[in-house]
Amino acid sequence: MERTLNFDLVRRFPRGPVVSARGAWPLDGERVTVLFGPSGSGKTTVLRALAGLDRPDEGRIVFEGETWFDAGRGIHVPPQRRHVGLLFQDYALFPHLSVRANVGYGLHSVPKAERDGRIDELAGRFGIADLLGRKPGELSGGQRQRVALARAIAPGPRLLLLDEPLSALDGPTRESLRGELRELLVRTGVPAVVVTHDRLEALALGDRMAVLVGGSIRQVGPVPQVFTNPVDAEVARAVGTENVLPAKVTRSEMGLLVLEAGGAEILAVDPGSAGDEVYACIRAEDVVLESLERHGSSARNRLEGTVVSRQEEGALVRVRVACGPTLVVLVTRESADRMGLAPGLRVVAVVKAPGVRVVAR
Amino acid sequence: GGGTSLTVAAAASLKPAVEEWRRDFEAAHPRVSVSVVFGASGTFFAQIQAGAPFDLFLSADREYPDRIVAAGLGAAADEKVFAIGRLVVWTPSGSPLDIGRDGLASVAGPGVRRIAIANPAVAPFGRAAEGALRSAGILDAVRERLVLGTSVGQAAQFATTGAADVAFLPWSLALEKELAGGRVFVLPENAHPRIELAGVVLSAAREAPLARAFLAHAAGPGGRAALTGHGFGLP
Amino acid sequence: MDTGALLLSVELATLTTLLLVGLGLPLAWWLANTRWKGRFLVEAVVALPLVLPPTVLGFYLLVGLGPRSPAGRAFEAVVGHPFPFSFAGLLLASVLYSAPFAVQPFVGALAGVDRRLLEASHALGVSRLGTFFRVALPLAWPGVLAGTVLAFAHTLGEFGVVLMVGGNIPGRTRTLSVAIFDHVEALEYAAAHRTAALLLGVSFVVLALVHALRRGSLPAWNGR
Amino acid sequence: MDTGALLLSVELATLTTLLLVGLGLPLAWWLANTRWKGRFLVEAVVALPLVLPPTVLGFYLLVGLGPRSPAGRAFEAVVGHPFPFSFAGLLLASVLYSAPFAVQPFVGALAGVDRRLLEASHALGVSRLGTFFRVALPLAWPGVLAGTVLAFAHTLGEFGVVLMVGGNIPGRTRTLSVAIFDHVEALEYAAAHRTAALLLGVSFVVLALVHALRRGSLPAWNGR
Amino acid sequence: MERTLNFDLVRRFPRGPVVSARGAWPLDGERVTVLFGPSGSGKTTVLRALAGLDRPDEGRIVFEGETWFDAGRGIHVPPQRRHVGLLFQDYALFPHLSVRANVGYGLHSVPKAERDGRIDELAGRFGIADLLGRKPGELSGGQRQRVALARAIAPGPRLLLLDEPLSALDGPTRESLRGELRELLVRTGVPAVVVTHDRLEALALGDRMAVLVGGSIRQVGPVPQVFTNPVDAEVARAVGTENVLPAKVTRSEMGLLVLEAGGAEILAVDPGSAGDEVYACIRAEDVVLESLERHGSSARNRLEGTVVSRQEEGALVRVRVACGPTLVVLVTRESADRMGLAPGLRVVAVVKAPGVRVVAR
């Protein structure tokens, strides 16, 4: 059977923007698609359309050969017959039902013993076993989110749609649940679309990543690749590329492009056909800082500059260096301390040519 | 405006006669306007006890005025019987019943499913109807078929809508336009307990002399003519 | 005492309320959810019987459903006896007259149920009907109860329509409210007081029980 | 035509409804929020007038508030004229009798308002009263409207209490519903039909307008 | 005036746990307190009590000399008179009001022109200027969160209580709002308590950090210090310390403790009075991996072991090394690639003694 999710939909909000997203995702090898994108870009809208809760104004949705929606032919399979598991961004737990009843809600046709077994198993997995007798109003925010996740998964859906499933959880809980979720997705083999704003989560959960910007899907690809090779500046910003520098192509040299950005010269791999006015996208982690003493000369992609600010970020330190353009650089705490990085210090920012991604402006 | 006004509480069954009295009385007393409230005698009794602003109470029987007097709400001298109620049996057009031919007992016949009377507990004409059925010896036979209107008006409505096959009504009501299509059989006065319609001037009346005048008019020649014209007997 | 009348009243009120819940809830659910432009007409029509005095409504019912009308003949053909003066007729009239008391609060309460919860239920594979019973109804409970109580209490107290359509036949269509009315009109005040006290006592116990029940079933999120 | 009676009816229904909204909303708000154990008793008492036939309720009002009773003398001292057979008395009786139609749906609707929104309002420095008007009332709107419509329509149609307490005095206490009742009683069917048609027509327009109004004011989250 | 927030409160949930938290925080220099803690630890409960929405069962709350709550004396200042700005974890936006009316809700006594100005300023700051005419039901999750944030801040409260203010936002938006928020907090000088699950956010926003575990505040201190020096194992886990190893003190040597953990010997700075049975808490970033070839010997705090797993985490790589205990190590992608880190590879994990925090078991 053709295991794919095909959709091409347009949703026009009367008092809002137009979301028009399309995708054609094989579901065999790459089962988990991460949906990434800025706030308001249309992620929830796409999930709601896939779940059948919202009727797009145009387009089609075909899942594993079944047409779920076709505006032209007037087809709209109701949500009940799509068998998707949707985790709502705001949970939408049933306030009048206990946690047990919430999690078991979609298991109405399952015998009680089996249902209870399934609930208990999921509750154990997601750390809500002690809460089964409570009502949602008696839970904390993160507990509610876990209940909603268990509820969406319990009926064994054909497709899981998770809208920020772990956003309300603390680091350790989140990490353990990420593991549980990944394990569960792999074991059951159910395809999933997961919305997240977290790079680690995308990397840990996703086989494929789709980036939604301004209502349309701009890029789809393996997760690490999308993070490192955004196709345009907006995607680059959406995936958190710290340095998106407007640049000019001055010339081409031995297959490399020579860019001029903020007065500095940067070498980059030529992507072909980007034009003259471009953006140079550089991830902060791909810039290395060196002390001025070590190399006196300012060779290519070695930009001399001054540290503007230093901000601790746990294991890493975020440094801004004014070196023509102002570059954001991530270095380990160890090397930052070794170099004595502090505002005012003169340093050299080394940018590796493969770390510079050139996209059209 | 500018004149005095007299408020009369009158049993609904008296409506046609009272309306005529009012016209005549107002014609005779140009500065007086008479406003008449029609209703159920039991309701009026409760209201009079509660201080209703009525000057004169015209009841469909004697019992309520007697009670008014007994309760000290009116003087015995101001109570007067002014008419005798006449009971009729009304059948819709096309009804196979012919009471004139077959007698009252034919009401108990198999073709009659529902017999409308006013509730004997609250309406004098209902008590009279029950008495008539009893003297005809068919009360027990038809008891299951009786439907009780709260008032004679309601008993008449049962008849006009076809819900009942026979209705026992005051003659006055049977003369109404809505009942004109049916056949009216007037029962002899001795076929049922005597219905004496009495009025009493209330001691709380603001216009006691006028009220007495109105009651006198009702019992007087002009009033009697109206009464006979509308199907009432005279005392 | 008027135990027969009491029983009849309770029976009539109970059946009327059941019918109103059975028919009124679906109607209210539809009214609360439809996007049809004309729904306000339906709501107005449902409320309309209210504005007529009960006896007058009863009169029109007699006219419209009496043995001379086509509808009345249809009623007789279906139910087996004529509409007027029968318990079935009484029931129909009561349902019509008490409908707004049930339907209006139902609509109000059901319209207040958060749509996202209904969507969540649909997404979990539960049919529209199942969602109605498992989500909408429990959440609209206070309002649904209000409507039910109103319909029940109003039918208990109603006597205008009952009198007109029922014909005040002891044991069959004489309800307790009609009996009290008769007592008052016949100046049998002592009997009226006794019967009224009985009706009030029974009703008070029923109403207090119902309201006490509701307290326990308030959704927890409202208690936080 | 009975324009005087129509005006009187509309005036009575409007004033009754206003009073019921004014008094019933605070009572309902209190009932919906109190944690007092005995609140179910209050709710039962509010609904109780319903179970009495209107004329009987009217009778007891006459007895309880008549000029011979202490309460009646108090009424007279305050209002300036005796309770029975006056418009003020009629109004009081109508308010009492229609109270449950307003209060019950109000309670149902107000109890359904999400407490977190009230808390959010308090945290933003808005008083309890302000919160009631700016959050609770708009969100409970469908149910509040239902109660208001019921109270209005029911007062229009009521005649039992009105007849008993008001005494059917033309121009003062004869409402349209009493007038129709009188016409039917007197077998003046043509006049009754005309008056009923007038009442129904006016009411239909009012009700349809009210319901159409509501459509527009449904909260947007319910439209997503 | 005494600028402090003092509280000591106990809240017993009938069907839940007991939250009993206390704090005495000066508000002059260190205005922003970050509340950190696992899901369900009582963060929201504390905020609700401070806001006056929940009445604790016992205790007191005193803010700037004003007694807001005193169970013993029966004092409970209603929320209206506390003038706090509370951002609800689930937003609690008014569904019947426009975004403009929501944001302006607490400004009822401010003249319209001024109110509109304030709303427009905040809307610009938080990127919701285009949404002012919409209702909350017509917003995306992240947009709702920003509206709720603006609503809480608009009336200029005396104390801001923010329950996960940025959790629903994508990385770039979050970062920019973090800046806006910090700037606003500094500029207005209003003290704040901010709940977050994010280390970066805690570091960026907080002057002081309080860690809540199991209903009580276990540690309070400067943010970076709490992350590096947790007082007990539970706090260590709560702040995301990757390695919390049960260990035994074998002996003391030149002011250093010699620990035995999972068969390996680890040197640590002696905290004094921790007892014999302890936990050794080591942050993954404080472990360095070296190739086996470079140093043959297995000296102290140089634990030889095998790479068990490697997981990309953006700029960093998370490696698990079985070297007696199994250590989680974070290294830069660059060094991971240089060393060819992959499951099975033999490596040396170097743990610096100051990086080992010993806490009582």
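Order of writing sets the chain letters: A, B, C, D and E. Residues in each chain are counted from 1.
Please note the rule applied: a residue touches a chain if its C-beta (ideal position, glycine included) is under 8 Å from a C-beta of that chain, and two chains touch if they have at least 3 such contacts.
Everything numeric here is computed off the predicted structure, so don't read it as measured data.
Colleague: Identify the chains in contact with chain B as well as chain E, in label order.
Modeller: Per touch definition, common to chain B and chain E: D.
Colleague: Through how few touching steps can chain C be joined to chain E?
Modeller: 2
Colleague: What's the chain with its C-alpha centre farthest out from chain E?
Modeller: B
Colleague: Between which chains do we find the greatest number of C-beta pairs in contact?
Modeller: Per-pair contact counts point to C-D as the maximum.
Colleague: Using CA atom averages as chain centres, what separation in Å is found between chain C and chain D?
Modeller: About 18 Å separates the centre of chain C from that of chain D.
Colleague: Measure off the straight-line distance from the CA centroid of chain A to the CA centroid of chain B, and report it in whole Å.
Modeller: 89
Colleague: Between chain A and chain D, what's the gap in Å when you average each chain's C-alpha atoms?
Modeller: Centre separation, chain A to chain D: 57 Å.
Colleague: Can you work out the whole-Å distance between the CA centroids of chain A and chain E?
Modeller: 22
Colleague: Touching at least two other chains at once: which residues of chain E meet that condition?
Modeller: Chain E, residues with two or more chain partners: 90, 138.
Colleague: Could you tell me which residues belong to chain D and also touch two or more other chains?
Modeller: Within chain D, the residues that touch at least two other chains are 55, 59, 114, 116, 139, 184, 221-224.
Colleague: Which chain B residues reach two or more other chains?
Modeller: 43, 46, 154, 157
Colleague: Chain pairs in touch?
Modeller: Result for touching pairs of chains: A-C, A-E, B-C, B-D, C-D, D-E.
Colleague: For the complex, which residues does chain B have touching chain C?
Modeller: Checking each residue of chain B against chain C gives 40, 42-43, 45-46, 64, 67, 113-114, 116, 119, 121-122, 146-150, 154, 157-158, 161-164.
Colleague: Quick check: in the complex, which residue numbers of chain D touch chain E?
Modeller: 114, 116-117, 119-127, 130, 134-135, 138-139, 219-224
Colleague: What part of chain A is in contact with chain C in the complex they form?
Modeller: Those in contact with chain C are residues 51-53, 78-80, 83-86, 88, 90, 92-96, 105-106, 108, 135-138, 151-152, 155.
Colleague: In the complex formed with chain B, which residues of chain D make contact?
Modeller: Spelled out, the residues of chain D in touch with chain B are 55, 59, 62-63, 66-68, 82, 84-85, 163-164, 167-170, 182, 184-189.
Colleague: Under the stated contact criterion, what part of chain B meets chain D in this complex?
Modeller: Touch list, chain B to chain D: 7, 12, 15, 35, 37-39, 43, 46-47, 49-54, 151, 153-154, 156-157, 160, 173, 176-179.
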